[in-house]
């Protein structure tokens, strides 16, 4: 069966648990390792389908173009991700990708302020790999429920990013939501025009960020999460409500095709 | 959750492959090991239900009442039996049983002639264990596709039964169906009135046996196989057509409740 | 302990969990597995005026997430039902609901008249999914007029609660529900099986001898739920929800959609203890969610 | 090589495998995955007279063995369809079947008149499952008279083949099939989605914003197969079978039940290459089973 690009069966090199509920899987595919940019995702066919019909989307976490490998960071939350934890090195995964668009890095970018809530951290390391190569200043604001939920802290320390942590239970960093230290930081930010925020996290956090960006005037891009029936624009099941109708009259964008990255001010979260 | 007898979760002591497609699983349950008689079955809930809705029925193969264990012999043919092969010692199986009726052993029985086709051998060792204790003469006529399909030959040799084999490919015993050597044997049988045939096997063999028993005048009991929705008389999905309407007007018996053992002359196979 | 009791007309059930006709035999089949008296109610296998042998095999087939059946309502007939099955049922303290079907409209009041003289029956469920032979084989609840008039004729001969069990194989089940309400039904149960089919490719034969069959099990749950909701918006009598209920969550979904009680069907086959597990599951869930009375749940769907 | 070609009226398809409206976008979405020209035909996402934004989220939900959707027919409207989507579709050599829907009966002939002036369209599929706003929201194929008259009005304005796509949510789909045949349809496609529903228990909200939704996927296969068989017994024009087709065997079952061709729907979402795999699977199966012409299979169900 010859298939064209984008539908591939890739070898699993490793699948290891990194926190109490989060796993890191390493996959081999030259093209994805080479072509992907931060924000894009792959759609994974879940082995053993106990009534699981759809693929499961995951942001591309890191890539190593030289070795032709890439990784995903995933949190075990339900049937699909639980099945994924049982996949072993040496097996193969049927995936589609890379899908979707990327966080944008325009030439005037001086500081990238990355804001992640929980597993929302997943798509950022790839973007950071890219920004580091372009010597952009990077600040990471990373909130989680508790200390035990943090992932990739070593990566951030090695990369030398300016790291701020918050936990809801106060077990590490600021006690409370990450938006509080972020707001303090933005209020004292010297070079606002060169800064841009990149957000990924739970919907309540995104709604909060929207307010915060409006108030501080720092523009933001957000990677959204919706249910995805297909991941490549066929089912129209992933609408993202737009603040204002698009020029062609559309009230919704599609998360998988027009996103998953959007300008925060363009989309609505109230539904 | 307190349940009454007959629905039990039992430890798996072993699950080993005994031929290219047949497995032998050892389960622990005092009551089943103690109470079951040859012909009865258990209905097994199949782990990981990839759309498998119903339990799968298997004859009780052997019991060891002292140790409180019993075994099943099963052939891997589809989704359910394939899932069963993945069960490991130390895990547990959810089963119902013992269900159904038994091969009958009346006091006038002098010789039990057991006729099995393929996996139809499964329910007989338990019956033979019983007959041996009562010093009944036992002849086993066992047909299979090929030599590699035979199971329990050691058991038969140890038990000292009068064993006749046939294979379709001639790789062992008579070449052809087992009904040929059986017919020859019956024609020269000195004590017909004390003999009784017990059959289990594929439907074409049962139809053939019916003819053969009619011709030779030796009565037979048969353990039938049908689709089973429940195994305990609730779904009425396992009808066995009767040769003559029963006294209460019924045209069908239920394999799980009225059987699985029937008098061969009472049931029809033409549908 | 939350209060799980509810009323179906004058019929009081100790909890909303009952078992569906044809999936629970005459209850005796389950006595080895569960304490029958913990159920809200028991609905018997369909009883007809005359004994019926049932259909030739194969009667059942497994499909992905569901099953097909064409059993053909085998039963001993109403007279032998009374002498052979009722004595056991009478020993139970749970509610006994006898499911009846007719070959013609006249069969229904006739069989109910016979049963009305028998003690220990708490209500009737009228199986309206079987073919109305005189009307070209369409089921009794495929047509609102027929459903109404049969219900009326039954209402005329009994004071016991009557529950009309509707087929889902119609364009507008709400209309049928209204018709049986008009006819005097105390409640409806929804739904019976959907018409389905499967083919064995090598033989090119249908997997069920009668060709088409009734489809049930987890696969029909979303369909059945939509039918219950459609009825809830339309009618005023209680609804007993049925279709693919396999666990406590499924039962709760039906209650939220508008059911006052539920029936467990196909799931009884693979887990004969499931109905009681759901009773216990509802009790736990209500406690955890501070539901005082289970009746609060019925129709509590939130729509913006 | 077995001969997989077949005719739907005057429309010749290279093989029986087409893809269902709304599950294949405007084909471009699949160009990264498969060679589109290996398909028997492509049925576009529904096009309407005016642009439509579609329904608010959530629009989709996964259930066991099926999915629910209420997408709301978002599309750019017929004019932009012609300018934006047709150029790509015209580059393909496979058959292009444009699926259209109306808010009112009058919309259908109007949109077909507009499309009839456009090159590169091989046939129309009329989506009769959407609500007929003027008739109280019942779908256009819920009523035989409406279905017939809309079909007639379309027949009057085009010589291209028209395929009426029927809703399964009716009491007697055979009657509707007869009505559209009477109205001049060249074929029917059956079926569109079944009405279903699911509820999120913690929030007590429907899992789909529009409350009820269309149910599709493997879970509906036995139901869809029964509808195709019911139509096959009743009508004389070809049937295109749809509903839960996920592999070659599923496709063969529909052909045996009476379908001349099939559509792959929901399965495209999890395997964008599945349609082509079925084309290849049919070729292999026919060779192994010595089927010279795939048309031999249609309606070859054996009943005693």
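Chains: A, B, C and D, in written order; residue numbering restarts at 1 for each.
One rule holds for everything that comes next: contacts are C-beta pairs under 8 Å (C-beta built on N, C-alpha and C of every residue); 3 or more make two chains touch, one makes a residue touch a chain.
Model, not experiment: these values are computed from the prediction.
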item: Other chains in touch with both chain A and chain D; value: none
item: Label of the chain whose CA centroid is most distant from the centroid of chain A; value: B
item: Averaged-CA centre spacing for the pair chain C and chain A, given as whole angstrom; value: 48
item: Length of the line joining the C-alpha centres of chain A and chain B, rounded to whole Å; value: 57
item: Between chain C and chain D, centroid-to-centroid distance (C-alpha), Å; value: 34
item: Chain B-chain C separation of Cα centroids, rounded to whole Å; value: 36
item: Shared interface positions of chain B, touching two or more other chains; value: 50-51
item: Junction residues of chain D, two or more chains touched; value: 63-66, 209, 218
item: In the complex, chain B residues that touch chain C; value: 1-7, 45, 50-55, 96, 226-227, 229-230, 232-241, 245, 248-252, 271
item: Chain B-facing residues of chain C, complex; value: 22-25, 29-35, 45, 51, 53-67, 69, 71, 74, 76, 80, 209, 217-218, 266, 268-273, 276-277, 280
item: In the complex, chain C residues that touch chain D; value: 63-66, 68, 138, 142, 169-172, 194-199, 201, 203-206, 209, 211-212, 215, 218-223, 225-226, 229-230, 249, 252-253, 256-257, 300-304
